[in-house]
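There are two complexes below, and they share chain A, which is joined by chain B in the first and by chain C in the second.
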Partner chain A sequence: MIQIILNEWKILLRVRVLAYLTLFFIAGLTLVTWLGVIQNNNQQEQQQAAQKHVREQWENIDAMNPHGAAHYGSYAFKPITPLSSIDEGVNAITGNVLRLEGHVQNEIVYSEASQSLSVSKFGKLKPSLLLQYVIPLLLIFIAFASVSSEKETGRLKLLVFQGASLPKLILAKALSVWFYGLFLLVITVAVQTLINLKNTGAGNIERTFFLLLAYGAYYYTVVTLAVYFSARLKNNTAALSSMLAVWIIWTIFLPKIWGNTTDKLYPLPSRQEFKTAMKEDRSKGIDGHNPSDKREEELKQKVLAEYKVDSVENLPINFDGIVMQADEEYGNQVWDKHFGKNYDILRKQKNMYQLSGIFNPFVSLQSTSMGFSGSDMLHHLDFLQQAEQYRRVLIKSLNDKHAYGGSKTGDWSWEADNAFFKSIKDFEYKSPVFATALNQNLIDILCLAFWVVLATVIVALSASKIKLV
Partner chain B sequence: MKNLLPVIQSEFRHFFRSPFKTVSLVLFIGVAVYGLQNGYDLFKKHNAEIAAIKTKNAESVKKIESWFNEGKKGPEDRPWIDITTPFWAIWNAPSSAFHAPSPLMPFTIGQAEQFGYYKQVTNWSTTFDSDLAEEIANPERLTTGTLDFSFVILYLLPVLVIVLLFNIGGLEKDLGFDRLIQVNSMSQKKWLLARFAFYFLVLVMVILVLMLPYAILTGAFQNEFSTFIKLFLYFTLYTLLWFSVFYFINLSGKGSANQALKMVAVWLLFCIVLPGTFHQIASLKYPSSYMTNYIDANREESKKLWELPDDTIRNRLLVLYPKLKETKHGKDTLIDEEILGNSSSALVNDLMKKTALTIENNNEEKNRFIRNSFWINPVSFFQNKINSLADNDYYAYKEFRVHIQAMIDKKIDILLFDCWNKETINKGKYLQYIENFK
Partner chain C sequence: MIAIQNTSKTFKGFQAVNQLSLAVAEGEIYGLLGSNGAGKSTTLNMLLGFLKPDEGKTLVNGIDTSTNADESRKQIGYIPENVNLYPYLTGIENLDYFCKLAGKNYSKSELADFLTACGLQAEAHKKRTETYSKGMRQKVGIAIAYAKKAKVYLLDEPASGLDPLASNELSVLLKKLADEGAAILMASHDIFRVRETCNRIGILKHGVLIKEMQTSEVTANELEKIYLNYMQD
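Moving on, here comes the complex of A and B:
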């Protein structure tokens, strides 16, 4: 088998067009990876500058009423992960700015896609675009004639008569093309790692390794099937057109059709329905600004009993702060219910989409590529949830200051000092650990593994039945 | 012409005898119908949502009317609301801005899934409010993209054309009887052209037949006939473009596989690599904005406005609206704090308009760069042109923002003059507001 692979490589190296193509792809991948890293770093700088700017404004608050500060609010800007220079996933589609304020859980806004005309339906020219769409096609072009041309020249018959096993021959030819794909893949990852050395932190090495593994598995599937078709079908043209048909179905048709189907199987509410439902539930709670609210009265009686006084004026604390926090806590239940419902639907859609990897390995590749690059929907949802968690801590700190900071009920002019605002920690997003990403992409990995096994089994079991002429 | 007809006739037979080609065409038609239906569903969904909001607004108006009828000034649990004052009457006069879907939406959904298409407009609104965000959707699905009719035409039609044409002239070379054709009376160029013409006509007819029912269904055929024809002509021109490129490939091709390779490479270049490249360069030159200038204006600058002394606010309002001097409050020497408080949204609006202009200008720079790439990036050109005809490209939504801004301006204008004239609002005046804000 090794001898066949070596022979195949010798033949490949003799093809001048392939040598030029290889040089072109090495240069192209290097350039695209380099540009991807630069663009990523630019965006990261912008994000950090925005976060710093908003933080400075927060720390420069001289003195402000805590509830006023809750309305003044803060912002969380979606960060860029180092590996999103390889695959930016959903980053261009989702918003980048999330307002964090009292009384409400906002939605992320201002996506890159809404800031310009439409340019590309397949995304930016990042390494992932080349590695997912272009390289597999190149591998198909290299592999489609590998056996059929041997058949046409009668060499295949000769090889088999000399004792070569047909399944082994097909696998060896597939492996030789696969190694070529791996070579391009390794170059991309090496360039990315070298240019981005300072960002190669813990977790990223494992993520990069799994990216390699996923792409490797997909290339193996594509190449093995291309070589198998080459052996199985009548001539070069039939082999090429069949494999191209498979490529189009896998990469263009099925992802879109299945994506739309999952959307219909688990429909999300419209924004209007979502907001109306939340408003309705929210109105059942305490309205922090409405003194005549019955629920507020109950809370008041409870606090008065606790402090053993007969009126809020006699309380040593500011009852308004307590009301505000009670309102927040009720609101949080409402947000958890409705946002949680949407997140559940999105996760169900994702699971359903991932399952289509059973009949389309390209979907599994796309999913793992985004997942391990930290730019898929699940990472996005994680960011939203961490930001919301921060908002709750921030608003609670402000309400607690309002209640227990030294002011009396009804005193809205009381102000907390600069030291207090500075003492509140800034939002810091922590990207999920590698194990989480691995767990979220387990279905995809299993699907890719299934395809590797399936492609090998197809060759092993049916190659011997292939006609030699 | 005498020689061309038999070629077309034989091509007709060749096509129907090739299961690979006929199945591809049938598949293409199936996917195109699926794409059309997706666009049509979105068209219906947008219309239904807009109708639902209008109904909800009408219900709100009825509720306020009933307050007027019953002599109430507002809800019992909110005693501070007084709908007989211009501020509260206007606050309770629901007005929504809509970007109604074009009847051409089934043919392309364009950027419709990236922008909001309705917005509640108040005197505090801005054109970059978070409620103008896109509909709730799975971001991974949006990244993959919806399979709409324009995608089918722009990206899949060339693939179908490859399937139909890759062995035209190539098969003859594969089997070695290409010279036989050359010794016939017709030139190879004309022979190839005739064969290409057959497929071109078939595809153009298929596109038209697919488009017609949906155009009739949405009313595009009846109400937007000229735009519909323009759209069809763009699709035809686009198809012609690919046929032209492939014609030259086949003319100099060395066989079916060789032609297929070149065709796929060209498709890859124009449909994936070039748009991707310009997308990447545009992002490098103009990184995605975090809208800090908008945030600053909305928070810091607005806060500063609130802290201004009353007479400064009054003077600024008089500079912005000189005619306010002629109102009751404008002629007063005493400042009414409540009136000034209710008018402050005018100053914020002026501030936000200036900021919005900066954002729009920045976006425009990026768009100019994208447009300048169109001569080498034809797929993106056609994509945006088609989106523009269906009123769902970036500029359609920019127009929508302009419309929203006009509504905000109108609301503030009426609010200011009625507040400063110390008008008392009755049911008739309230309904006049509703009419004005439509």
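Moving on, here comes the complex of A and C:
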């Protein structure tokens, strides 16, 4: 088998067109990766500067009413993961800045797509585009004639006659093309790692390894099937057209068809429906029978009883702060209910989509690529959740200060000092650990492993059926 | 060394080979003449172990080629009608690769010796075979079989498309191999080349061996007459 692989490589290296193509690809991939890293780093620097500026503003707040500060608010910036320079996933369309303030959970804004020129709205040239679409195509073009040309020239008979077994021959030919794909892949990742050395932490090494594994498994599947078609079908044209058809179905049709099916099976409410339901629950109560005025009255009676006074004016605390916090907590429940539903739907959609990897390994590749690059929807949702948790802590601190800081009910002119604002910690996003990413992409990894085994079994079982005469 | 015993082969109702029996001894070159579809290639493919006979046996050095194809192939040097080599590799690289597949690891000088022995000029050894003529490729094909140190050679239309000089060189080479003790079975419809090269000739028609003769018994003209007579019937 090694002899066949070495011979294939010797031939590949002498095909001038392929040599030029390889140089072109290496240059292209290096450039795209380098630009991706630069773009990432720039964005990261801008975010860090903005974050620093926002924090400085917060820390420089003079004495101020806490509720005023709640409206003044803060911002959470979604950090750029180092590997998103390879695959930016959903980042380009989801936005990366979230305004955090009292009473309301804002939507994340400033997506790259919304700020780009119309042409780049359709996706930037990132290494993932080349690695997922172009390189597999190149591998198909190299592999499609690998066995059919041997058949057409009659060389296959001589090879088998000399002692090469058909399954080994086919597998060796597939492996030699696969190594070429791996070579391009490793160059891309090596360039990314070298340029981005300072950001390469332990978690990223594991993520990079699994990224390589996922792409490696996909390339193996594509190449083995291309060589299989080459061995089983009558001629080069049939082999190429069949594999191209598979590629088109995998990359264009099935993801769209399955995506739409998933949307139909687990539909998300429209923006309007969602906002209306939130507004309604906020005013009428989650159960529809507990409007806000009634809730406030119940809270007032409870607090008056607790402090054994007959009016809010006699309370030693500021009842306004308690009301605001209660309203906040009620709002949080409403948010948890509706966003929780959306989160569940999104997770179900994601799981359903991942399952299509059983018949489409491209989906599994895309999912793992985004997942291990930290740029998939699940990472985005994790950021939103952490930002929301921080917002709750921030607003509670401000409301508590307003309630228990020393002011009386109705005193909106009372101010907390600068030391208090400084004491509130800044938002710090903690990326999900590698194990979480691994767990979230387990279905994809299993699907890719299934395809590797399936492709190998297909070759092993069908090779003996190839007619030499 | 080569024995075909009462062998028959049918493809979807078409009788390609019918009760064929022949034997080729050590040092003998046997020419199997016949028109297209006479059953020559089917006979060779059964000896190569690519086809199983429906009846009878095909043996190479006593090994049944249908039940023990891998072992019998080790005994055989095979030269197809068109030796299609890897065009981006040189003659010596092609030979090296095919030898390694057969489990033979030769040094560069040994490989060069095989090519030279098979009539390929030294300056051509290191040229890519994309620049080779058909005759040159045929010589590399013979070198592949020769380097296997086989005692049995099976040739399928080896002179087809060769110029007279290359064709003559092929005859000389095959005679040399026979002198070294090889048994050679050559399927062809080139009456002249078969008459020039072989010791014994068999004429195959509709899968049946209808005539067998020693080459020394007939002149080229007589052979042509015999052949055409049988073919016209």
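Keep in mind that, in the parts below, the second predicted complex is superposed on the first by the 455 of 469 C-alpha atoms of A that agree within 3 Å, B and C clash if a C-alpha of one lies under 4 Å from a C-alpha of the other, contacts with A are read in each partner's own complex, and residues count from 1 in each chain.
Following the convention adopted for this analysis, a residue touches a chain if its C-beta (ideal position, glycine included) is under 8 Å from a C-beta of that chain, and two chains touch if they have at least 3 such contacts.
Please read these numbers as outputs of a predicted model, since none were measured by experiment.
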item: Touching partner for A:Leu355 - first (chain B), second (chain C), both, neither; value: neither
item: Which of chain B and chain C A:Leu468 touches, first, second, both or neither; value: second
item: Partner chain in contact with A:Leu212 - chain B first, chain C second, else both or neither; value: neither
item: Residue contacts on chain A - larger count, chain B or chain C; value: B
item: First (chain B), second (chain C), both or neither touched by A:Ile458; value: neither
item: Which of chain B and chain C A:Arg271 touches, first, second, both or neither; value: first
item: Chain B and chain C contact sites that coincide on chain A, given as residue numbers; value: none
item: Residue ranges of chain C touching chain A (in the complex, touch as defined); value: 45, 48, 50-51, 70, 73-74, 76, 78, 80-86, 88-89, 93, 97-98, 100-103, 144, 148
item: Complex contact set, residues of chain B against chain A; value: 20, 31, 34, 38, 45, 49, 52-53, 56, 77-79, 110-111, 114-116, 118, 128, 130-131, 133-147, 151, 154-156, 159, 163, 166-167, 174, 256-257, 260-261, 264, 268, 271-273, 275-280, 282-284, 286-292, 295-296, 299-300, 303, 363, 366-367, 370-371, 380, 383-384, 387, 393-395, 397
item: For the chain A and chain B complex, residues of the former touching the latter; value: 32, 35-36, 38-39, 42-43, 46-47, 49-50, 53-54, 57, 72-73, 75, 77, 89-90, 92-97, 99, 106-107, 109-126, 129, 133-134, 137, 141, 144-145, 236-237, 240-241, 244, 248, 252-253, 255-257, 259-260, 262-263, 268-272, 274-276, 290, 292-293, 342, 346, 349-350, 353, 366, 370, 376-377, 380
item: In the complex with chain C, residue positions of chain A that touch it; value: 3-4, 7, 10-11, 14-15, 153-155, 157-159, 161-164, 468-469
